[in-house]
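Two complexes are shown next, each including subunit A; its partner changes from subunit B in the first to subunit C in the second.
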Partner chain A sequence: MEKHFARTEMLPPMAPPVTERGVVKWLRENLFSGWFNTILTLAGIYVIWSLVTAALPWWLNSVWTAESLSQCREIVTATAGEGATGACWAMIRERWHQFLFGFYPQDAYWRPVLAFGLLFAAMAPVLFAGQKRNLSVLLGAVALVLLVTLMPASAPVAVVVLVMALLAGFIALAQVRPAMLLWFTAIYPALCFWLLWGGSIWVPVVAMLGFVVMGGAYLALVGRMGPTTSAVTGVALALVWWLFVDLPLTQVIDGIAPFALAKVNSDQFGGFLLAITIGVTAITFSLPIGILLALGRQSDMLIVKTLCVGFIEFIRGVPLITLLFTASLLLQYFLPPNTNFDIILRVIILVTLFAAAYLAEVIRGGLAALPRGQYEAADALGLDYWRAQRLIILPQALKISIPAIVSTFIGLFKDTTLVAFVGLMDPLKGVTQIVRADIDWKGIYWEPYIFVGAIFFVICFGMSRYSMYLERKLKTDHR
Partner chain B sequence: MAVASDVPKESFRLSMLIYDTRYRSITIQIFVLLLFALFVSWLISNTISNLAIRGKEFNFGFLWSRAGYDIGQALIPYSNDSSHLTALFVGLVNTLVVALLGCVLATILGVIIGVLRLSKNWLVGRLMTVYVEMFRNVPLLLWILLSYVILSETTPQPRDFRVTDEMAAAGEAPAASMMLFDTVAVTNRGTNIPSPLFDVSLGSVDLGFMSVNLTILAYILVIAGSVWINRRILAAARARQEATGDRPVTWWKSLLVLFGPVIALSVGLGLHLEIPELKGFNFAGGILVAHSFTALLIALTLYTAAFIAEIVRAGIMAINRGQSEAAFALGLRPGRTMNLIILPQALRVIIPPLISQFLNLTKNTSLGIAVSYLDLRGTLGGITLNQTGRELECMLLMMLIYLTISLIISALMNLYNSSVQIKAR
Partner chain C sequence: MSDVAIDRSKMKVSDEVAIQISGMNKWYGQFHVLRDINMTVNRGERIVICGPSGSGKSTLIRCINRLEEHQQGQIVVDGTELTNDLKNIDKVRSEVGMVFQHFNLFPHLTILENCTLAPIWVRKIPKREAEETAMHFLRKVKIPEQANKYPGQLSGGQQQRVAIARSLCMKPRIMLFDEPTSALDPEMIKEVLDTMIELAEEGMTMLCVTHEMGFAQAVANRVIFMDQGQIVEQNEPREFFNNPKSDRTKLFLSQILGH
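Moving on, here comes the complex of A and B:
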């Protein structure tokens, strides 16, 4: 009889070979998968090694307290030996306030700090529309940061208490009616202007009343006269308000109930305060202008289209610096004789127009990418032009163009450094030059640039991450 | 049964200008045009009255008067006796040189980084990501200022290169030494590089406002001719391939045609390099490249390369995986897949944003003002403007020139773009 030997039970699986598992597999696949990859890896390791050996001792030998660069160097030599290099962060410690605020009065630092904190409270309902949890977390963080920073920034106790109460109210409101928070967003520009520049509170309040006049006129007339006529009437009434009522009314109210913060002039602004003021204002205003320009460029009306194309192509064809010089040198020719208005305001206007032209192109790309059927469907529903744009076209077009819009914003924020060329004190060239011109810190270069660069990096990188989050959140297709 | 009522009689009421869609767009356009015309006439009348108040007049005559200032880097003949117009051209050439070199270098670097960022190598991919994020999120001005400061404050003085007799006897090396086979010296005053010299000079032709160097012209003509002949050779090879199916060997012909005439011309003219040498307290001979130029070029290249890398990466990623799978199925090797299948398609996605990066780079050369690089912005919009006090004319002229450069670049690149797009028949 023949005997058969057959296994009746399964062999236990053997572990995969060493080269096919764990760290070794990962290394083989990702770093040493061929001769070329191995060379690349070795080159990469060499680059990292040389960077680390060059920079690490410099970081480790950092000096945080010293009076001058030469003293820094002495301390480094004393602690790390002859020929050692070390960073001199003592400069940042002594001059950080100039990098952040320029020559803003020291006893009023709480005002920009408060304005900056409330900026996030104002942006929160826009950034996290309808998300109670994110909204509350952000508002809470703002409250916490302001609580810690306002007192050292020499804010009056009453202001701190008031702000905390306000933010607590916001957080409570966010749980019930988050949309109500948008009203704070609407009045924030006036509040921010008042905090930063100071002066009578009635100036921004009466100016904002112009918008109330505009909205009131529109709402009162829209039932009887239709949207177009009532909008035009509203704008006209608001213009009348700003041109003829604003100034006398402000003076009258100011005479009755004066309430003012100490005035701060524009030439005292500097550092990141200046960059963020210009950047945020320009971002806020360039988006609506950019959308209008893009719509104008896509319009069927020949004259409107030509004007928009001409404007966009002109702005995009010249460097921002020339536009800034226009703001500082040429506006005095183009405006009526003897008008002279604030240089920061002039720069903001030109930077806004510059960004708006770029945004218009970006948004035009989004508009062009929408399938024709969306326009036709909107028409088929009987929507008029503005309703179709507002309800159907723009939400989709803007969603497509989010990454490009945000990179335009990042570019705009980086470009705020160029205001140094018209005599404003930006953090990069203006302040750093002042610091480097000081006899104590002459010859320092890595530290100020690393400090300023790091802050720019954090802000810009944060913006690009937020845009990726927004893209994910708004993603409605299921591909 | 309802009876269709008569068509209402056409009558024109004034309110139809607003409420009737047939007329509304015309009403709006006329209204806009009126507003625009009002705005422009307001600007012009303001300008006229402002000019009158300041006692100035609007004319460009100042361009022909003596400039009276020196420009460190003048690539066309210029002295302080030349006119403001010549200074303008010097600045324009300086702008274009930085822009051109920057575009070329940034493209090379950007393509390398973009491809490496896609590589399967984890370490290299991460390094390139760090590079891209670092350069994209920090203002260009910082890179310009930083490279300038590093170049001018950390580099050795010319006297550090000196080897004294005692040092030679003791066998000591000097504090600093020259690079690249002792031909390039980086000092705190600038970078000394060898300059090409010719034994035979072809002279130059004076065109009135500038003179044209015939030697450079000869080189340009010879190179253009070589490229043209090379294209003819390749076209002939392609025609033969399409007719008979087998492609003649062309690489040695191309090599000969492309490099032969240039080398022959160089030998004929006696081309040699003049190497900078330490004479006294400074280097003599060769060309001194100012740090403002080098810093601007380095910063523009590194900054724009980060953006180009992202464009290249996005372009390659936009190509459907099926394309490379199909190529492998046809039996193409990875290198040929990249060259014949992926890159030609990726190029279509890459070129439009690449154009706008080139435009950005060109416009960003105006930041050279931060390191006192005398480009168009520095000469026409800087010293000339300050000396003559003609803000209006200088600024308008400068904007016009930048606008023209931008339009020319985008026109050229759009031409190239349409040549690589799919030809739909």
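Moving on, here comes the complex of A and C:
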């Protein structure tokens, strides 16, 4: 070994050895890092292989055009040989409209399609408050989808033109005053009701006026009587409106200026139209009710607290199906004879209350997670109870509870399939049973469930992704 | 604190009574936390309340804006007696600013929004004007450049100064400080104390629960020592520190000043 060393030639950079780079490195580190992981990897590969070999031919041999299941099977046998299996999507091709609309009259399909499209226009200002770009993209997408779908769904041309003009107006409005779009959100429930069930337009309009009465009374009195008293007065006046003024007034206006869509009965609703109607309505109303229940449960007022706790514990202690049976059978006994209280409305009310009880507990968790200092700081600044809740406590508590709230919503949406038990045509059991009862499609099994499951998955996955987006957007703690 | 030159020219105590507490008692269940508290605070006074932990000093100042309820006796703040009447309570609270040990800023709002929230919603001041006031006070506590950040992005000392600015935005006539420096790192204590000294120099009526005896000596015109829910001794700071009368006070002072 020489003592002296001087480098005469500089070394060029070299690539790392083949086992330390790229795919090989990844495989070695993640799949074959020890004998145990190697066994697991091989076992996993075997399981995946078995699943794929069992299912793949079934997917590859899919038949899209056929008139019955037996014809499907003949085609599969003819193309793939004796004993081969194949999916028969021809059933979906022929019956997809029933999965979506149930027995809704075919010439009126444009009405639920329009209601569904406008649903997103109504949700947009809530989902993307103040975000012009997201708002415009969503509204544009709604316009595009409606443009493509409304005509085949046999919408009158005048309606299509009107809707396009409306959406163009919304997109323009989103650029200057996005908050104004919330007014459309406010009237959407009435519009949706009218589109789906039809009948005179004055029924939902006069009913919505009840809310105007409520809000007007509140605003007129809040300066003098404080928020709680004026809110109670407002609700009382609105109830008077709905019970005594609503019906005669509707008849009078309808006599003067009749304007109506063809009526559609609740028993014609089915499939995803039914699931989404129940799901969206229940989600919309269960959140505010859940918030009030959660606040009530934390209240110092003994009666309010007892009522809220009693309600929450009762609802959570009873299976949803029990409540649905109550909706379909028992309620009729308690109501005055000859009142025709719509079955879908009854189901919506009970599903809403059911979800509200769960949400109340979820939100209570969020409220409990807030440090006491937040309440004290709000108090010390002189904010009254409702302002402190609205400006300080709830924004933080709801943010904490977003994942759990969305879980509850997803659960609620999937639970809408349980309405099958009270004779409504949910997409999973109701419509599938009807399809399978058809002589042509008797014996079909996997396909309808895969189809319905896929649609449920898309909707629920969408909700989940939105909640993650919202969590990121509202993150301000910079931990 | 002796290195700070303090301008005492505006620190004048007037004869006007700001807070009057007489015969006040408070219990937590069976536990008698505050016993027969009698004190009068004149406008412009700077009072430091000290005492061992559990002596009821925080509870006392929290009674003054009714974060805690008293069961007996009378508390009159700015001529308004604190009773169960919610209107009176909100009135007193909007006149009395409070700074907490753990700052209690609202983490979901920016610094500016923290400062404008109460003026807009309680005082009904237009947003533009509230923002101008907020920026004025943020400049005063020397962090105007943080206005659009969130509390989580600020250091403890900065957060506490924002909390002070947030209270000042309500233009309070009385400020309560509940151990404002106890949760801070040593190097941040000074910036908060400096802000408080500046406030005292402007003649603000202040009640301050603190263990910063240097602050008490420099700024307070009266020191109150509490133990076991009672006012044990009160005196002007020089007398209080150099010539305490009660044995309990002597013991306390020897413990906190002894090392």
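Convention: the second predicted complex is superposed on the first by the 458 of 479 C-alpha atoms of A that agree within 3 Å, B and C clash if a C-alpha of one lies under 4 Å from a C-alpha of the other, contacts with A are read in each partner's own complex, and residues count from 1 in each chain.
The definition used in the following text is that contacts are C-beta pairs under 8 Å (C-beta built on N, C-alpha and C of every residue); 3 or more make two chains touch, one makes a residue touch a chain.
Predicted model only: the values in this text are computed from it and were never measured.
Engineer: Could you tell me if A:326 is touching subunit B, subunit C, both of them or neither one (first, second, both, neither)?
Structural biologist: After superposition on chain A, A:326 lies in contact with subunit B alone.
Engineer: Who does A:443 touch here: subunit B (first), subunit C (second), both, or neither?
Structural biologist: first
Engineer: Looking only at subunit A, is it subunit B or subunit C that touches more of its residues?
Structural biologist: B
Engineer: If you stack the two complexes on chain A, which partner ends up touching A:396: first (subunit B), second (subunit C), both, or neither?
Structural biologist: second
Engineer: May I ask you to decide whether A:380 touches subunit B, subunit C, both, or neither, giving the answer as first, second, both or neither?
Structural biologist: second
Engineer: Between subunit B (first) and subunit C (second), which does A:200 come into contact with in this model arrangement: first, second, both, or neither?
Structural biologist: Once the two structures are laid over each other on A, A:200 reaches no partner at all.
Engineer: Under the stated touch criterion, which partner chain does A:314 make contact with: subunit B (first), subunit C (second), both, or neither?
Structural biologist: A:314 contacts subunit B only, not subunit C.
Engineer: I'd like to know which partner A:352 touches here: subunit B for first, subunit C for second, both or neither.
Structural biologist: Neither partner.
Engineer: So which positions on subunit A get touched by both subunit B and subunit C?
Structural biologist: The answer is that subunit A has no such residue.
Engineer: Going by the contact rule set out above, which residues of subunit C touch subunit A in the complex?
Structural biologist: For subunit C paired with subunit A, touching residues are 65, 67, 86, 90-91, 93-94, 96-98, 100, 102-108, 117-118, 121-122, 150, 152-153, 166-167, 170.
Engineer: In their shared complex, at which residues does subunit A touch subunit C?
Structural biologist: The touching residues are 371, 373-374, 376-377, 379-384, 387, 391-392, 395-396, 399, 474, 476-479.
Engineer: Which residues of subunit A touch subunit B in their complex?
Structural biologist: 29-31, 33, 37, 40-41, 43-45, 47-48, 226, 228-229, 300-304, 307, 314, 316-322, 325-326, 329-330, 332-337, 410, 414-415, 417-418, 420-421, 428-429, 432, 443, 445, 449, 452-453, 456-457, 460-461, 464
Engineer: Can you tell me which positions in subunit B touch subunit A when the two form their complex?
Structural biologist: For subunit B paired with subunit A, touching residues are 18-19, 25, 28-29, 32-33, 36, 43, 46-47, 49-51, 53, 116, 119-124, 127, 133-134, 136-142, 145-146, 149-150, 153, 359, 363-364, 366-367, 369-370, 377, 381, 385, 391-392, 395, 398-399, 402-403, 406-407.
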